[in-house]
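Chain lettering (A, B and C) follows the sequence in which the chains are written, and residue indices restart at 1 in each chain.
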Amino acid sequence: MSQRETVLGKIRRGLASAKTAEARRDAVAQRLGQHPANTVPARGHVGQQARLDLFAKMAGKVSATVERVASASDLPETVAEYLRARNLPSDLRMGADRRLADLPWEKVPQLEVKHGPSDGRDHVGLSHAFGGAAETGTLFLLSGPDNPTTLNFLPDHHVVVVRASDIVGDYETLWNRLREHSGDDVLPRTVNLITGPSRSADIEQTLLLGAHGPRALHILIVEDA
Amino acid sequence: MSAPFLSQAFKENAVDALANVELQRALGHVERGFIQKRQKAVDALPEFDALRHEARAIKDHTLSHLDLYLEAFEGKARQAGAEVHWAETAADAREAVLSICRRVGAKTVTKGKSMISEEIGLNAFLEKSEIKPIETDLGEYIIQLRGEPPSHIIAPAVHVNRDQVEADFRRVHTHLDPKRDLADPVSLLSEARATLRDMFLAADVGITGANFLVAETGSSVIVTNEGNGDLTQILPRVHIVLASIEKVVPTLEDVSTLLRVLARSATGQELSVYTTFSTGRRRPGDEDGPEETHVILLDNGRSEMLANEFREMLRCIRCGACMNHCPIYHAIGGHAYGATYVGPMGAVLAPGLFGLENTANLPNASTFCGRCESVCPVEIPLPKLMRHWREREYERHLKPAAERNGLRIWAFLARRPKLYRLATRIGLKALHPFGRRRGRFSSLPLAGGWTGHRDMPAPAKTSFIDQWKARS
Amino acid sequence: MSPENTEHTTASKPRVGLFATCLVDLFRPQVGFAAIKLIEASGCCVEVPENQTCCGQPAYNSGDRSDAAAIAKQVIAIFEDYDYVVVPSGSCAAMIARHYPELFDDAYWARRAMALSAKTYELTAFLYDVMGVRDVEAAFAGNVTYHDACSGLRELNVRDQPRELLKTVDGLAFTELKDADVCCGFGGTFCVKYPEISNAIVTKKTAAIAGSEADTLVAGDLGCLMNMAGKLQREGKHVHARHVAEVLAGMADSPAIGEAE
């Protein structure tokens, strides 16, 4: 007998359920098919402006920095300014996301924009988030050529663009949007929920930023139509 | 591998731990920090109690349909390109890991924090097979350098002080300037970061645990604050997920509920910094991420717990709140338990995984104060489950004879009110004259356990019942 | 006393069976008398069945289920005819109210256990929650701090009731104890099976007590009180320990726990 059959057999015997096999299968199929929401914290259920404020507040609490940008076309200058203000070299790396690639980077000719995944030698990674959940100031990022996952973790500074309209109250809303986005089948290889920059409290429970991932997380909220 | 039989020396371990000044200083951080942080996070979320009830219900529902959810998970994970392996025992899981590592010619593997890896003793096994495991969670890295098992399920190096970390780094990182300044904890962190960064990039295989498996999507979920679990899985060519079978939950909604109670209970964070859903392997067109993903589903005694009075323990989401709030853990730390899993959750889980005869002290070393149960995010009745182990121990005659006999005599009397009255009358008569003058004893035959550390109030001259009878 | 619950006229006074607990019976009879005084003053008549012994908790917590069940049956038979069973101990009350129903698989005894469970109360919870007592007629000159014994607190929600009542004692100053809800390290047989661990825990407790500047420690469980009193005395810390019933009943003039006559 394969290990699979052994383990599943032990589980089935252990359960010795009173319910019929059919009733059990139905219960499971229903739950998976309908994926009902459980209690969702009310704090995110507020109007658009209050939601953005909540997102910024929660992200700020975990040491992310948040900046609002009036229009996407301002992003290149905003990013360049971020680098300048922190005395960072004038280069960054990003994926193939059109929402980033199509920006007027020519406005900041001094900035070198590299493309593709990071090999660990970049100072700044630029990503576009799928969305944000205001309840905890959490960003959702999807893997793929548009936003390679290595950009989220290897550079010291992670700059993430998120559209104001993609900032929702809670995780459930984003899962539903993701289900629509990916079709019904599978999630991208990696979905990163990111809440603040990397940290560790493993030495005497003292919180230190920048353990293995970025030391700084800068979020740019683009006000769109 | 932390040898489970170390639990047999629990009493001696505890005495040593109490005398260990460094350890006692470190334990102060648990007692103060974790409790306050959790309370603050709980107070900030009005729905917390409702979420706890739901978290419990989600786990109960999943456990009672565990076979079906595992099959659903397996189907979805395969569809996304993962290979799913089943392992009945710790040895089976170790072999599964080894054969993957061998096939891809792995020399070094990086590891995200995984309690399953500790449970199956993976590091020692890999080393014997000439594969170098490198722990990348800062706490795990520190204890790996020290050759110790974790002393806490979410803060594995909580027993280690800063000075000790500095000494360990100086001892092991010999390629660095011996005169470097490591006084600031930040410099220790930077040194670990730089050292491990090279290892992440060089590793052939990355092994992580899983906090959850999602049946709906075939995803495994890890939560970390450092980002090490992510570097572990996206940089090497092969990603292996070690997960025990009870980690599966139905849907993304369900995992969201559990995540909301997990971080708050564990560290008092609203959410951990990195919550990562990994589904299968790198997709066509992807430029990073693992080319191969394996998920190993480990049973190792859990299917038996599913069938008996310990099923509720399988709800555990490994948040550590029970040990953070445990007076025993505060007193002696994790290592004294001598088992992979420590504190109240360990006292219930360890006998199930490593045998009651090896671990009988663990469920006994509890005052049943109930603080663990009151903070458990999935409402596991930990004292009740510890009591069930004591029942099994009693049934199997594993208890020391003196204890067993003492209890039996007391129970024998308690069931015979007339005899009880007579016996206690005699006892009071005999004892009272000795204790009356001071009102207490500072030593008493057969009561050294008590009077070794504190005085014993003297009993009454006449029992309450006899006094009451005399009055009415 | 001013029981707000005035429906209990003399004719229909509830009949309360007092389960004194073995520790009160053998070590501190005045707690039993104090409890009787308080329950009577709240408008009940009290009886003390003389064939009571122990609630069975030592056996139960040591894994001896069958002896625990046998003792439970005896307690059920003795007490089930009363309107209420009142216990001056959170842990023995919880044993009856929370754990007896778990002891029986057969429906007959399970039903009887449930019925007893539903009318069994820890003393201060009974006074406050059932009888509506909101103040007591007692005086106590001293600064009192209160330790929440674990079972009462977490199994029976005894927390505010003793505090509210203590605050109505004339002359009593009340100080909250730091970490009042943390175990004292007693744990029944635990304290003799793992004496060093128990000692470490009670040492933290007595430090908190000494740091509170109270001169009297009050709690609702005699086992915990004996543990803390014994440690305070061994350490030479001059804090007196008393059961909450003694203070509430104005019967705190006898020597405190472990003190000479």
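Heads up, the rule we're going with is that a residue touches a chain if its C-beta (ideal position, glycine included) is under 8 Å from a C-beta of that chain, and two chains touch if they have at least 3 such contacts.
What you are looking at is a predicted structure, and each value in this text was computed from that prediction instead of being measured.
Asks: Where the centre means the average of the CA atoms, what chain is farthest from subunit B?
Replies: Measuring from the centre of subunit B, the most distant chain centre belongs to C.
Asks: Going by C-alpha centres, which chain would you call the most central?
Replies: Checking distances from each chain centre to the full centroid gives B.
Asks: So what's the Cα centroid distance for subunit A and subunit B, whole Å?
Replies: 29
Asks: Let me have the rounded angstrom distance from the C-alpha centre of subunit A over to the C-alpha centre of subunit C, please.
Replies: So the centre of subunit A lies 53 Å away from the centre of subunit C.
Asks: Per the centroid of Cα atoms for each chain, what is the distance between subunit B and subunit C, given in Å?
Replies: About 33 Å, centre to centre.
Asks: Show the residues in subunit A shared as contacts by 2 or more other chains, in ascending order.
Replies: Subunit A, residues with two or more chain partners: not present.
Asks: Give me the residue numbers in subunit B that touch at least two other chains, ranges are fine.
Replies: Nothing qualifies.
Asks: Tell me, which parts of subunit B touch subunit C in their complex?
Replies: On the subunit B side, the touching residues are 11, 14-15, 18, 327-328, 330-332, 364-371, 373-374, 384, 387, 389-395, 399, 403, 407-408, 410-411, 413-415, 417-418, 420-421, 424, 427-428, 436-440, 442, 447-450, 452-460, 462-465, 467-469.
Asks: Please name which positions on subunit A make contact with subunit B in the complex.
Replies: Touching subunit B from subunit A are residues 2-4, 6-8, 10-17, 24-25, 27-28, 31-32, 35-39, 41-43, 58, 61-62, 95, 116-117, 119-120, 135-138, 143-145, 148-150, 152-154, 170-172, 175, 185-206, 208, 210-214.
Asks: Using the touch definition up top, name the residues of subunit C that touch subunit B in the complex.
Replies: 20, 22, 24-29, 31-33, 48, 50-54, 56, 58-65, 67-68, 70-71, 74, 102, 150-151, 154-155, 181-183, 185-202, 226-227, 229-231, 233-234, 255, 257-261
Asks: For the complex, which residues does subunit B have touching subunit A?
Replies: Residues in contact with subunit A: 26, 29-30, 33-34, 45-47, 50-51, 54, 58, 61, 64-72, 76, 79-80, 85-88, 92, 136-139, 142, 155-158, 160-162, 165, 185-186, 188-190, 192-193, 196-197, 200-201, 215-219, 225-228, 230-231, 234-235, 245, 250-254, 256-257, 259-260, 267, 269-283, 285-289, 297, 299, 303-304, 306-307.
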